[in-house]
Every structure is written in structure tokens, then in C-alpha cells.
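The following block contains the structure, expressed as C-alpha cells.
Residue numbering begins at 1 within each chain, and the chains themselves are lettered A, B, C and D in the order written.
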Amino acid sequence: MTTTQLTLIQIDNYGPWTVTPEPRREMDLQTLQSRLFADIAQFIGGRNGYVFYTRFDNMVAVTNGIDREEHRILQESIRNRYPVTISLGVGVGATPAVALDEATEHIQAAGSAQDKDRTEVLSGTFLPEEDVQEIHIAHFDVNDATGRYTDQMNEYDSFIHIERSYASLMEYMRTEHGALSFFVGGDNIIAVCPSLTSTEYQAAIDHVRSDVNVELKVGIGNGKSPHEAGIAAKHALEDCRFDGTTVEFAGSKAHASGD
Amino acid sequence: MTTTQLTLIQIDNYGPWTVTPEPRREMDLQTLQSRLFADIAQFIGGRNGYVFYTRFDNMVAVTNGIDREEHRILQESIRNRYPVTISLGVGVGATPAVALDEATEHIQAAGSAQDKDRTEVLSGTFLPEEDVQEIHIAHFDVNDATGRYTDQMNEYDSFIHIERSYASLMEYMRTEHGALSFFVGGDNIIAVCPSLTSTEYQAAIDHVRSDVNVELKVGIGNGKSPHEAGIAAKHALEDCRFDGTTVEFAGSKAHASGD
Amino acid sequence: MTTTQLTLIQIDNYGPWTVTPEPRREMDLQTLQSRLFADIAQFIGGRNGYVFYTRFDNMVAVTNGIDREEHRILQESIRNRYPVTISLGVGVGATPAVALDEATEHIQAAGSAQDKDRTEVLSGTFLPEEDVQEIHIAHFDVNDATGRYTDQMNEYDSFIHIERSYASLMEYMRTEHGALSFFVGGDNIIAVCPSLTSTEYQAAIDHVRSDVNVELKVGIGNGKSPHEAGIAAKHALEDCRFDGTTVEFAGSKAHASGD
Amino acid sequence: MTTTQLTLIQIDNYGPWTVTPEPRREMDLQTLQSRLFADIAQFIGGRNGYVFYTRFDNMVAVTNGIDREEHRILQESIRNRYPVTISLGVGVGATPAVALDEATEHIQAAGSAQDKDRTEVLSGTFLPEEDVQEIHIAHFDVNDATGRYTDQMNEYDSFIHIERSYASLMEYMRTEHGALSFFVGGDNIIAVCPSLTSTEYQAAIDHVRSDVNVELKVGIGNGKSPHEAGIAAKHALEDCRFDGTTVEFAGSKAHASGD
């Protein structure tokens, strides 16, 4: 059984703030959002977790091994440096989707995202240290994205192809496996998964090809932390590139580099 | 005729850099990408332009009124502060898509995105100041996204609904009108458009509803700069909220606030 | 006659904010202050001005060529992204000190730095574009600081020597010439000066040596903007290194690199 | 006996980098330096340590409780996101000055700060967890700095007074007690100290008044981490403000707030 600890990070009452007293400069909002994400990525990444920006006003983090006190410090630090505050809901589950259900419910139970009196919720279940198990990270990318898209089409049309493959994969992995997939820039998608077989990963890739005609490949890694699993997945993806294969698990190749 | 100046911003040889000498920590890459975008948003936004993160290693900016020397300073400043450099291609066209075609071609002509000898391209056509005309910005959002999604579903399932509406709208607007639509966080999509009628905007909204069952509304603004047009669009979207309408043009309501 | 436009940037009511409702984490305050400075450095630097952090809650900028509307955008952008706001006072004078007197008076006239109702002052005199004249920037550093201090002493004792030279120079240049000198890191001090002779610069260096026994050298540049003058000063300082001299003016050496 | 763990953070070969291939834009260097400091402040502050910017190319951190692996992650993260790398020397001692001596020697032993082959040194002694003892932090500020200086003089002349008090205090505390004092903005100086008596702090304040005619007051806190000691010191300084006293130790007042 895989047990994942997920944290939902939600900016408190953000929508109304962006238009009060009147609409704010869009580029300032973009700057605020992306820097907030970057700061959270440094905080969580420095503790070997992962965070994804999703909608920016709501972010999803894999926080195995990061405790309640560290969540509290993050919340305090954001309050001290930004004009907005954040709520944090934490959940644990056998699949990432189940864990996120719980994390989300903890925040929803405290009030609406646009309730101005609901600020800085910190609520949820933290995985006891002795229960931390293997996390599975799958790192997908598009075969020869530079040669087929970036160097051939205008940037927006390249982007449309990448987006299509992401939309197709995210729904498939969510529905079939309770896995959560996140676009992380370029042609890269990182999925937080339960334990899946090579056949199941191949089926996901086949689905995306038949659905939107984009060819993906994937490297899969395991580890005690998202970082450890993710780095292993990146090495496995390098194996795919080297061998021309589409699904590789970390550690299965003799020539894998030894990070 | 609308004339838009678009800039394609491409990180030079970024893919190979991320795995050399071996794969880098993902949260560091996420931090690097989002802060680079934030810095560019401040640079361009402070000159009343707009930039969108799209794939993060490639970004698209609307840069009417920003000249070659300012592009050069941006490029130099990034080189001085980041471990990567950026190439800039600039294009002008009657539709945003045509302008981006040209911008992209200027960069592609200089070499591949993964050519390590192709760095800091600065090439393209700048709109003469006397030719700067009205820019059209459409600001879409999802009706009652908080009530229907954020406060009801787990965050990932909310995100899937928003993503579906974005994927549907981006392809429709691109194909039908040569408009470029960008997800900007929350439930917001900003489109850079040619001049379109209320009926054409309503048709886009109808398309998304019938395609993926998500209900959008839109405010449209015009202006000499993306910022000016974008702020007007935000005010028009507030009119939609106030009046329960789905398409509003800036300035058409007596009660519109006067920013 | 030299005419300099200086802007005093003051965080509104910052002292009380740092201890309300109780003292805030020091490292968050340090982060806030240094990032605020960095953002202002990018905004002003991208327009070829200079800003110095001085006390961080009060910063001094040389803003020749940056107009009132640009000051207003800076103020708005900070308000949109930080938990604090800034006031801006602008002054023009024949010496930097006189310009700063005026800039400061504009802010003081509006109320105390700790008056909670005095926010976002934007007041002062802007230099008309036709009156923009040569700015003089002097770039000092310590002779062989690495060999004599950094590689020999513990870091704090190195720092004490650098601080001593700075304290001595700042008072001398202020009193003798109405020049404002700013420590900018490492062993570097940048002074915004009226037009001074080589003898006057040599006298300043002699003063510091006799006062605190630290040996400085200086390159001086002129230009229409602080950036232009400052880059010329850096090249002149490189001439000092190359030739073993202590005072060099930009453009006086045949072998100067041709930036 | 007090035992402090100090880390010297030194940008590798920074001086030469700033002028290669020719001098870089000063505002970009200022941005780079202050953001690097901010990132380190977040990393160390989130682990309850303290860091001070001193010369920016060399920074001094109090890192009790932060281990070698965390130092390594910081080093890797900076390398991944900046155009420069950092070396870290770590030392332990009964006084802060002795600890910094050791930390500095570890870096100096590996080569000069301007040796281009000496990069990413990570060397030193880490305090075993069982040996972590009380840290002493003293937080000084200037009596009524706003009323006497900020609201009365031009900003540079206010700054000169604050600088004088800092220069005087830093040398006194270093020489008399092996304490390290750092200006942290506004009118605030934070000193990392061995255990000192109220009389010894009063003597320091008296020295500064007689030396440069600036009146300081000080709150002192103890704790297992710099953050814990520093917050206590801030509360004690609030006690000084409330009671009009000049030296207060945390916890000695019945009305002290109970953080």
C-alpha cells in the first residue's frame, strides 16, 4: 500500500482581493502568483517535497515527511511577506486522489475560498514518520518535442499540442488510477501515482496517442521522498532517451547513471 | 486593421541544461522558471505590455510600444542574473497569430532551440510608434467557479474542469479568429484578439458550453497598450458580474467605474 | 552646473508594522526588505537609473530621466505585491545633497514616517527632459581587498576594515562636496558626485588612508544617465587596476575598453 | 559555556565575475546580491537560523541545528538557479568570533576567494545535536530615531548618524566580547553574543553615546535557536520602549507579552 501526504495550498479570498478596490494590474498579479509559487517550491523542495502550481491560487503539494510545525512556519512566512495569506489542508491516502480529497475537505469545512473571515486554516492529518512509505513519481515528456513542434510551428501551436497531450493524460490517470498529473513546463508532465505496472503506463501512453496523436514516453522512480522518487524518474526518462524506449523504471538499466 | 507586436521569449538550450551534467532538482527548476517569468512580467508590465508563461521555457509577450533597446536591456539583465540566457523574436501582424508566426520564425531561422551555439537571438520587426493602434483584450472567467467547483470538489477535479474549458476555448479562438488565449490562474483566461463582435464572443462561449459543459463570461477592452486594454476588459467583466450578462464591452455601461 | 534628480523611497509606517501585532520573524523582514530593494533596483535600473539600499526602509535613487508617471507605476506595483506601501519624494539640485534635501522635505511635509495615515506620498520636482545634464559617478574600491583582508582575516574583521573606510569616505564626501557615497557590497563604494577634479578625488583617498589606514582607488565616469556614467566609472576603475594608479577618469586612457 | 555554530557563505570568485567579460550593469549586480541573500535568509530562517548580509559577497549565518546535508542542499539549490556558486565554511566556538575564525579558515584553506578553481567548498565542524546550548541575541535600536533623524534630516544625514553608531558598536562588541553585530536596516542592530551581564550591555551603550553621541537601547533574548533567542530579544526591546529603559532581558518583566 502506498501512502501519500498531500497538502492543498489555497490563497485566502484571492478572487475578491484581485478586484478590490478595483481591478489590479494583471502583470502584478502574475508576478505575485508566480513568486508565491516559487517561494513555496523552495520551502517544500528544500525539505525534499514537491509542489505544483495548478491554478496558482490553489496549489497541490506532496509533503511526505513535512510536519505540522513546518507547515505553520510556511504560513507565517507568507503572511509576513505578501499582501495575501494562505490556508493549508493536509490529507493522507492510499492514492493521491484520496489524499487530496481529504486535504480539500479540511479547507472546505472551514468555510468558502471567498469567505473573508476564513483565513490561515491549518488543518488535516499528517503521516506519522514510521508510516512513510515509497512514493511513486512518473516523469513524462513528449518524444522529440523540439524537432516536431518547437522548431517547426509557431510557439502557440506547439503549446496547443502539448496542452492536448496534458489534458488527455491528466483525465486518464485521474480516472483510471487516482493519480495526479501536473504540467511542469516545456514538454514535461510529472504524475504522482500509486504503484502501477509497466503495462499500465504503456496503456496511458497508448491512450494519449490514440486520443490526441501526441507521443509520450515515461520514466518512473520510487523513493522515500518526492525528490528522491522524482530524481530517479528523471534518470529513468534519460534511459528512455538513450534506448528509444517508452516506459522505464529506475534502476532497471545497467547503464543508468548512479545519482 | 489591428496591429499587434508580439515577442516570443525562448530560454536558450534549456532542455539539455536541465539534465546536464545530470538531472537537476525539480523544485529548483520550478523556482527558476517561475521567477524568470515574474521578472519578465515586471519588466514588460512596467512598460504596459503583457506576457504569458505558456510553457515557461517559451513565453509569449504583447509588446506594443516596447522598442528594440528595451528588449536588449531585458536580455542583458537576464544574462546577468540567471544561469540561462534568452532569445527574443519579434513580429507584427494583423492578428496575434500572424504576429507570433513572424516572431517565431525569426528565432527558428537562427537555429534550433537546442542548438548550444544559438544564444541571445534578438531579431524581428518592431511596430513604428506612429502605427500603434488599438489592442483588443478579452478577459474570460468561469461563472461561479468558487461555488460550483472550488468549494465543492477536490482541487484537482476543479482544476480538470477549468483546464477543459481552457483547452476548448484556446483551440476555438485560435482557429476561428487567430486569437491567442492564455490561462492566467484561478478561473481566468486572457485572450489577445483581433476586433470581434459581441456575437462572435457569444459564439465562443456557446462553443465551450456545448463542448465541455463549462459556462464562461467575458469582458472586452480596447486600448493603446495591453495594460490599458486589459484593465478596461477587467472592468467590463465586473459589469458582467454586476448585471448577470455574458459578454460586455468596456465603456458600454453607464455604471462602469472610471479607471 | 550639474543637475541631479534624486528620489527618496520610504516604506510607510514600517517600524510599527514590524512589531504589530507582535514582533515578526527577523529573517522574513530581511527577505522582505532585500526583495523590495531588488525589485526597485530592477525597475529603476531598467530605466538606466541607480538606487541604493542605505537603511532598506529608506532608499535613495538617482532618477534622472524617470518621470512622474513611472514613479506612480512603481508605487502601484509595490502596493499590489507587498504587505507594505512606499512614499516617494523627488528633488532636483546642483549637488546630490541639495537634491536629497528637497526630496526628503517633500515626504516630511506630508507627515511623519510613522504616521499611519500618511501613505503613498508622491511629491516633488522632476527634472525637465531638456535640462538633463551630465551625471558624475565615482566608483571606489579597496586596493587588493582579497589579498589583504578576505583571504587573511576572519570575515567579520575584513568587514570591519571595509566599514571603516566607508564611514570615513561617506562623511568626507558629504561634508566637502555634497556628494553621496553608498556601500554596494564587496569592497565597492559608489558615490554620486558634483563635478570634481582629480586632485579632489586624490584628497579624499588620502583622507581615508590617514583616517583609517585603508587604501582606496577610484574610477570616475560621466553620462546622461546614472547607468551610463556608472559603467564608464567601472571601466576607469579597471584602468586603475591595469596601471596601478589611484584616480582615473573614463576616456582618458588609450587602452580603455570601448563599451 | 555558550557554543555557537557559524557559517561563512562566500560567493566563489565573485569579484572577477562582475567585470568579465566587461563590467556588468550595477543594478543587476545589486539585484543578484540582494536576492541571493533573501533566498539564503528564507532557507536558513525557515530552519530557525539567522543570516546577515555583511558585504553581500560574504555573508555570516548562525546555523545551530542546521546540519551538513542541509548546507549541501542550499549549495546545490543556489548552483541550480544563479549564475554563481557559493562556498560554505562552518565553525563552532565558545564565542561567535572564535566560531567565525574557524569557519573562515576552512574556506581560506581551500584557496583564495578569487581562485577560479576553488568552487563550492563545504567544510567545517558541525555542532552535535546534544551539544546545542543557549544562544544569546541582543537587539539594539536607536532611541526615537524617527523623531530625531528620519523626520528631521535629509535621509543621507540620518543614515550617517545610524552608520556612526553601528561602526562604533561593532568594533566595541567585537573587541570587548567577541560578539558580532550586524546592521539589519532601519535603526536596528542585531548582535550575536556570548553570555553578558546587564552592566556589560550598559557599558556598550555608554561607549557609543560618548563615542558618537547616539543613544541606543537593547533587548536581550536567549534560546535554543537564533530565531527563538531573537524573538525573545525583540520582546525585551519592546519592554525598553514601554518602560523607557535601556537594557532589558527577555522574561524579566511581568507585563512582557507571552510569545
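Here is the rule we go by: contacts are C-beta pairs under 8 Å (C-beta built on N, C-alpha and C of every residue); 3 or more make two chains touch, one makes a residue touch a chain.
In UniProt terms the chains read A, B, C, D = GTP cyclohydrolase III.
Only a predicted model underlies this, so the values are computations on that prediction, with no experimental measurement involved.
Farthest chain from subunit B (GTP cyclohydrolase III) (centres taken as the mean of C-alpha atoms): D.
Superposing the C-alpha atoms of subunit C (GTP cyclohydrolase III) onto subunit D (GTP cyclohydrolase III) requires a rotation of 180 degrees, rounded to the nearest 5. Where the sister copies subunit A (GTP cyclohydrolase III) and subunit D (GTP cyclohydrolase III) meet, the same residue numbers recur on both sides for over half of the interface positions. Separating the CA-averaged centres of subunit A (GTP cyclohydrolase III) and subunit B (GTP cyclohydrolase III) is a span of 22 Å.
The centroid of the Cα atoms in subunit A (GTP cyclohydrolase III) and the matching centroid in subunit D (GTP cyclohydrolase III) are 36 Å apart. As a whole-number value, the distance joining the C-alpha centres of subunit A (GTP cyclohydrolase III) and subunit C (GTP cyclohydrolase III) reads 43 Å.
Those residues of subunit D (GTP cyclohydrolase III) in touch with two or more other chains are numbered 25, 28-29, 31, 35, 42, 45-46, 77.
Subunit D (GTP cyclohydrolase III) contributes residues 8, 10, 14-15, 18-19, 22-23, 25-31, 33-35, 37-38, 41-42, 44-46, 49-51, 53-58, 60, 97, 100-101, 103-105, 108, 112-114, 146-147, 150-160, 162-164, 166-167, 170-171, 174, 180, 184-187, 190, 227, 230-231, 234-235, 238, 257, 259 to its touches with subunit C (GTP cyclohydrolase III) in the complex.
The residues of subunit D (GTP cyclohydrolase III) lying in touch with subunit B (GTP cyclohydrolase III) in their complex are 24-25, 28-29, 31-32, 35, 76-77, 80-83. Residue ranges on subunit A (GTP cyclohydrolase III) touching subunit D (GTP cyclohydrolase III), taken from their complex, read 39, 42-43, 45-46, 70, 73-74, 77.
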